[in-house]
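Following this line, the structures themselves.
Two complexes are shown next, each including chain A; its partner changes from chain B in the first to chain C in the second.
Up next, the complex of A and B:
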């Protein structure tokens, strides 16, 4: 059984008697990437704060690396977590490297080489003597990502991680996540946009009306049709249809749907015969 | 701790305002040398022409014609008073807390900021003492003239050690004021509150305590002697044991740490600490 790194059990959080999230339960396993989406003010950042121990539940339980968070009581925060919450801001008078060096000395577990490596991974020059005050939003975001990963924590929490990043920054970020995931690092991403995190996540939850629900996601389905006319009719209705290799002499397409019920409804309405070739988990039918 | 101190020192040095504050401090200090020099012998009949540079440095600290005691706390709050409030208003506080626990974090913050303030004020005072060599008279100490009362035997016997004691006292004061600014930075969110409120409280409280003899003559004397303004520099005119002033600041430092550390934990528990 995979170890649970983060567990939310019936967590409710109130701030000044106002309920922010209600009765939330979910787990993040070793090497799992979990996304949380929701509109502005839906409580996404609150979930990250609860997971990091910077906030604590009004009721319910949050456990991180097997330890229940009791920040309100003992003042001991969970260990081995990297965070990037909201737009990162640093000590403006120091360089990027000096900021990371300052933070690294609190735990004193890593060397300067580790900081240099983390900065290079996000595409920042560790020798750059520019003060953080002169950094652009994208550079500060990269520095924020570097501080979250530099100590190689086994859990990383990212709030709007690609905010302000250019294409190179996004590619580097995706590479970092993919590499660390393979090494067993667990992630929670929160974002207002599904597209931003969908590619990287194993599962995505949506925060709506203070509750969390597992978000059904678009998956590519391989479907065999009887004729090219059917392909044309489908293509006219759905723009994201890709024609693929024929199967047993019949035309085949790749088309995104959330669940197989949606496929049935779609093709039944068009009165088109079809056969699902490859499903959600790449199972052949 | 060493690396955190290095970074804080680097931050302090890299601020333009730090250098401006040092220049203002030295200008006022040198002005105070001239002011005292201009007074004798007519304003201070006991003041001799050959007053030594040691005494000049002590005299400008406070009481009589010295006015550095009004400036010294401001020197601390203007130089290091912004340290914690800026951290609090950045992501550094969250990132820092994720790497330690609340108690260690605030302990390191108080110690590192306090030590930087201690070093900064000590260096400024040494610099001003060094300038006294050029702007005052190089002569033998003659403390018989009654301008200095605090630990005057030590001044006569070992003037350099006495100067070190005076600098040590003001550096302990600097440590306290930096802890005070941290406390106010937890209570308020404004940069100006963190920098100016400690100074305004210092002046206001001193004035209140120094008027107490008018209300209650017997107990008021204690309030007067222990007023912060007197303990910053006015004490050179008062009859105190040599250990009284450092003990005063050490006790205040210990008390301030306990209050600040507990308030830090309280603010975190109430989720009022993190601004980002």
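Up next, the complex of A and C:
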């Protein structure tokens, strides 16, 4: 049985008597990537705060790495987690490396080489003498990601992880997640957009009306079209279309949809003939 | 974590530290005439006696009005007021808390910082007094005229030790007050403002001679020369003894640390000033 790294059991959280989330339950297993989507103010970040011990549940129970996260006598905090919530704030007067170096001294578990490696993984130059005050939003986000991964925690919590990242940053981020997931690291991603996190997640939950529901997943569908003009029309409407090898001499694409009914609606509206070749699980049609 | 906190403080707050040092020099300069006049008016020093550095230092640490009741508590408050609230305001808290086992250890680090700051502030002020004393050509001979030396039969080193210990304990209490206020009020500026108001209150009660009220106020506790047995210089309150002030300062700091812990242990962190 896979070990549960994070468990939310009937968790309700109120802030100033206002209910933010109500009776939510879910688990994150070893090596699992869980996404949480929802509109602004739906309580997504609250879930991350509860998992990281920055807030405690009003009722219910949060357990992280087998430890119940509660106020208790000493304000228990989870162990072995990395976190990046909202826009990361660093000490503006220091360089990126110095910021991470000072932070590493709290746990005192890693070397300068580990910090350099983490910075290089996110595409930041550890020797850069620029102060964080002069960093762009994207650079701060990269530094925030480096901060979260540098101590090799077994759980990482990310709030809008690709916020401000350019294409290179997003690719590096995806590579980091894929590599760490293979090593058994568990993740929770929070985002307002399904598209942003769907690609990386094993399961996605949606927060709506203070409750959490398992979301239908976007799957990659292999579809054969009749002409390159059709491919172009589809590409203009959907940005996440990938062109693949031709099938029987006809152009083929990979395009994400939740269910096959959505494919029908989409192509019927465009009046394009199509043929579904392979679904996400390589089911041939 | 304490190393991280101190390095961070020095890197980020060096302008504030420099400003406080400058103000300490101004205060020390003001104190030269202040202490000298006090000794002359009290007939502890005559026009033929040498005003020595010992008199100046001990006199400064026992100048109630302005010095101990106002400027020193305010300057120390400015240094420590935001050591917790700044973490919460700047959204840095997530990085600390996720690297600790519990919130109590965070509070302990902050209390350690207040204690360390109180010791460093005392040494710094002493150094400022020595430099200022040299600048004003105050004699470095071992003659003593201040009533604390005259009233104490033990070696004069003990007087320095008593004065410094009380001062450090008092600063710790002031630090605890201002930091606890800043957490509960979620505003370090307002908590420094309350210290300023407290300073005014102390001065008013001192001027109108409400010794009974002063004996229960926090800034009265760290003036070693305020004890009842230094009358006519001390407060005319029989129970205002060394033990009373020690219990007040240590007990007060203890209660405030419990209040601080209670708040931090339960609070929703990272919500800024919401």
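Here is the rule we go by: the second predicted complex is superposed on the first by the 216 of 285 C-alpha atoms of A that agree within 3 Å, B and C clash if a C-alpha of one lies under 4 Å from a C-alpha of the other, contacts with A are read in each partner's own complex, and residues count from 1 in each chain.
In this text, contacts are C-beta pairs under 8 Å (C-beta built on N, C-alpha and C of every residue); 3 or more make two chains touch, one makes a residue touch a chain.
Keep in mind that what you see is a predicted model, and the values were worked out from it rather than measured.
Trainee: Looking at the overlay on chain A, is there a clash between chain B and chain C, or do the two fit?
Mentor: Taken together on chain A, chain C would clash with chain B, as the superposition shows.
Trainee: Go through the superposed model and pick first if A:126 touches only chain B, second if only chain C, both, or neither.
Mentor: Touch status of A:126: no partner.
Trainee: If we overlay the two complexes on their shared chain A, which of chain B and chain C does A:96 touch? Say first, second, both or neither.
Mentor: So A:96 meets neither chain B nor chain C here.
Trainee: Give one of first, second, both or neither to describe whether A:106 is in contact with chain B, with chain C, with both, or with none.
Mentor: both
Trainee: May I ask you to decide whether A:147 touches chain B, chain C, both, or neither, giving the answer as first, second, both or neither?
Mentor: So A:147 meets both chain B and chain C here.
Trainee: Does any part of chain A touch chain B in one structure and chain C in the other, and if so which residues?
Mentor: On chain A, the overlap between the chain B and chain C contacts is residues 15, 52-55, 71, 75-77, 81-83, 85-86, 88-91, 93-94, 102-103, 105-107, 147, 151.
Trainee: State the interface residues of chain C toward chain A in the complex, per the touch definition above.
Mentor: Counting only chain C, the residues touching chain A are 1, 3-4, 7-8, 11-12, 90-105, 264-266, 268-271, 274.
Trainee: So in the complex, which bits of chain B are touching chain A?
Mentor: Per the stated touch rule, the residues are 3-4, 7, 10-11, 14-15, 86-87, 89-92, 94-103, 105, 108, 265, 268-269, 271, 274, 276.
Trainee: Using the touch rule from the top, collect the residues of chain A that touch chain C in their complex.
Mentor: 15, 49, 52-56, 71, 73-79, 81-91, 93-94, 102-103, 105-107, 147, 151
Trainee: Which residues, counting only chain A, touch chain B once they are in their complex?
Mentor: Interface residues on the chain A side: 15, 52-55, 71-72, 75-77, 81-83, 85-86, 88-94, 98-99, 101-103, 105-108, 131, 144, 147, 151.
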